[in-house]
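Letters A, B, C and D name the chains as they come in the text, with residue numbers starting at 1 for each one.
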């Protein structure tokens, strides 16, 4: 098998600068659980990037980030409105329901994006005790289908949420890719647009482990430290998460990594245009490509480059690029596709 | 402040061999979520060390390990019997109750150890639906008070558990220290002695992050993968946990690290004998020392070497040594104690 | 306001025979929590009606019955497939998620009924730990929209469920109405057709309080008594639930009550045909009528006869008949509708 | 077996006045779920008895009342401090942990009563995220051991709770017996003394089913209606709970019933003095008697009058009197005890 695949951006390794940062903080002792100076300076950096009023909590992984965010904003009788392809609905084995007790109300969204119109179908039953009370709208940026919300789209949803007494959660496992795509700052794309709580992804953008849950302000975050601990998401040797985020947020590494992944996706999409047997099904806004391919292409191609079938019913596959994907990887991939097609003619 | 403290073995950094292992596996792509070859070989190593029939699940931290183990063995109407100083009862912010729904039934154990006699007070109400049904006995090895169960003591509890239809869980956050203390193998101390599920600690013995939940056999572990995912304890870039454990279990690193920590605790205890103002309160079996000290000693000493007060009501403090503690650290610490005492005369 | 409304069959009172049964057992003491002879004989009666192998657990209400049934068949990482109008999804404030931890996977079903084809959209991801594992299909009989599954339709779903390792749960809050509609026995409609666990409704068919959860066999029910107690659904003075069910299942009272309600719904539907402003939207299989009406009709009619608006977006209302509805009630209701229409011309 | 036993006050039936009230409200339709006039007037009556500012929620049973009260006052990372014989700890199969997620911190209390001194052992770790945060002190009045807190004792605990930011919950399953014992009003004994939320018992004092959860004020009760529904404790035909409470709170029925039970307990205790083989172990403050008896007495006596062994390890039994116990029952019971003793001489 080729040494890089297109299965997921979490199949990539750790960016060298991040690895160096890990070594760099491995000196002497540090107080555990985030009471150390490295964690303090990482949080400072987050405030520089996302705004002075934000509150930051490091956790282990994306599911951990999402369930922490949702628990912080809800009671168990609440409901969370999300897309039917949302990671919190499809890919977390029911963690949100188990940890928060809440119901997830899904909306069919063919491009992975929510709109106020789509959300409205669940905006009823307020004050009616038989009905789980909607309290959070959760959007994913970039979406699970590789599309990206514009800042205006986010603002519109945020305003609608707040007018109706709901919070806006953003699952930003690939937030950096969205920001790179829109050429805007992380702040403009999140808290300036009205996001209340953000799952800020690190692992898919070059970290070894670690995500951050960022709250818009202190009020929202008041008791989050207990929720994090009770959810088994508090790391003892916290400096080793903090140091990675410091590396990511310094010198624009987050942007370089995301941009590289996005550009490789665009390159791949571009090269696919010349292959009529492959039909790209979603707009390529970030680092994911969805395509319907001939069934006979899938297995031999997977043997060379591992990837997942997204929708078996129509032979739709997902190809993700990473911060470490280079044009040569795309070349090799396209070459192999062409080979298999040639063999099947 | 001195560059090393005695607060906790998780205030230490990462052992250099572990850090090297992390760099070593940072090449190319690897399938995520544990489907990679590095994880496979780490699991193989676990089987060599703990027995062929064991099943291994890597998680993020100690609380994650314990709640995974307990959820795997219980239904929500069950109860878990443990010591009143057990980490699962005192230091996990109610995570076991929240995740498993179970009741914790505690036993007052002045030295941190359970005995069959102590356990028996909770062995009633079986079949009576008003009563949470005891299903797991949970012991900590080494205990939270630094003491160590002998193999015989564990066997006795395991036999009692099994005769009564209960499982034996071992919280082995400091299992290596116990094995070093008893000069026995990890297998003799766990599955050979009747343990059903083990939280195998890594972080406190020199890892950056990562613990392993090890089940005695496949039957017990049947659906654990779903529980791990739903509990937000499944790491995507799994090779980076696996590589650390490979380093720890290879070339006896786990034993060297534990032995060093233990020897430093013994050295510290030995040196304390010459200081009549300090009364060691627990047997020093592993790497923790508990001592009652003059109240005026605590604050100035903490300013030089950070540590926790264990029981404020009687000025009992806890001092932990680590794999990286060296005799010079003990010297400096003892020196500082003597200085403060001299100043208070 | 008229002394009877069409809001819900639970707005009716208690059938006189049930009230008499309650008085009848109010003599002396009885062992609590179901260990009494009246409960034993009520369970015997259930076995006569539903089959010798069934296991019966009395609970307080419909939500209690459903969450007990679902908890008994699932682990928290499972999913339950149901209609998007299912009571467990829409009307229980998230109780199933909270109590079981499971995800509910909904299917859009315009007539309230599931089919194998509809269910299939959720039959994937088995063995994939990221995905909540489907374990139960839950159908409502009669449905929340007043329609009724045929025995064949249930058998088809049950076979599909069992072939795929899933259980079939039936929410039978209005099971009696369905049986009356189909002119079949309760057994033919449930366990003979492959149902694994049944929420057997009592309150909507003339009881004061109390429902029964009936399992197809002992294996399924093994630990249910603990789940019932932990879910706060175990009544101490159990004879008072048991006596009501004895009355309901004796002398065909369940059938008389259900038949009366159904016949009144048919009568009402029939009378509505003469009113062109009212469009009945669902097949009238049991005791519920759904109709789109002029918006100006709703409020004045509610002032005379209380009822609920089902779908505000299209002025669809729900009218339920009860065991105590009589033709005179229908007359008065139709009369009032005509009056309001006349006033609005 | 004798037609009345001494197993529990919930082995008694329904008081005739309560049964009459049930029949009395069984007329026509009433809006469901508590929106009816009977429920409104029952709540009004509660306000008269317990204070204008209270908020009342009817539920099904004692466990339902307690878990509603605790959920209303806590987040899942909180802890509840209670006696080690508390019903919420010993007799609810872990319902509080499952529903609230909270940890129960128990105190060994030989007479069933908490004191500030006993509570203090758990008053630490505030603000420390590793520690479940104490938020509620829960006391039972009358206690599970038949003893009764004085008003002063409750005030002292309430003040301590409030000074420390905790709430005081009272499990009043037998509150009426306590008030009868102390000859004070229900209000003096609860909200005047500082109770924040009360589980007000009905079933053990002559109701068929139904308890009330009463909050000191609206702020505490803000979202309780959702919690009640999600906990499967909302009755549809609510008028039938409300009517019972109206009967209980009218004309002093609650007091007559409780007084009768208490007096019979005192009578029984008095008669037992003449039997040297029976040693009463607790103060007889309400309607329960605890006694150590010869082992050979237990089984034959249970055959005549059913009751529970409280502590098998020392042959301690519990005998409860009820609102319907009369002196002749005591006579028969004492007679039988004497007979068995005579046979064993």
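Rule of thumb we're sticking to: contacts are C-beta pairs under 8 Å (C-beta built on N, C-alpha and C of every residue); 3 or more make two chains touch, one makes a residue touch a chain.
Just so you know, these numbers come straight off a predicted model, no measurement behind them.
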- [ ] Return the chain pair with more inter-chain C-beta contacts, choosing between A-C and B-C.
- [x] A-C
Open item on the list: Based on mean C-alpha positions, I'd like to know which chain lies farthest from chain C.
Closed with: B
Task: Approximate Å spacing (C-alpha centroids) for the pair chain A, chain C - done: 41
Task: Intercentroid distance (Cα basis), chain C paired with chain B, Å - done: 50
Task: Contacts with two or more other chains, residues of chain A listed in rising order - done: 76-77, 92-94, 98, 101, 129-130, 132-133, 226, 229-230, 234
Task: In the complex, chain D residues that touch chain B - done: 76-79, 89-94, 97-98, 101-104, 106, 124, 129-133, 312
TODO: Sort out for me which residues of chain C touch chain D in the complex.
DONE: 3-5, 7-8, 10-14, 19, 22-23, 25-32, 60-64, 67, 92-95, 98-99, 203-204, 208-209, 226, 229-237, 240, 306, 322
Task: chain A-facing residues of chain D, complex - done: 33, 75-77, 101, 129-130, 132-133, 223, 225-230, 234
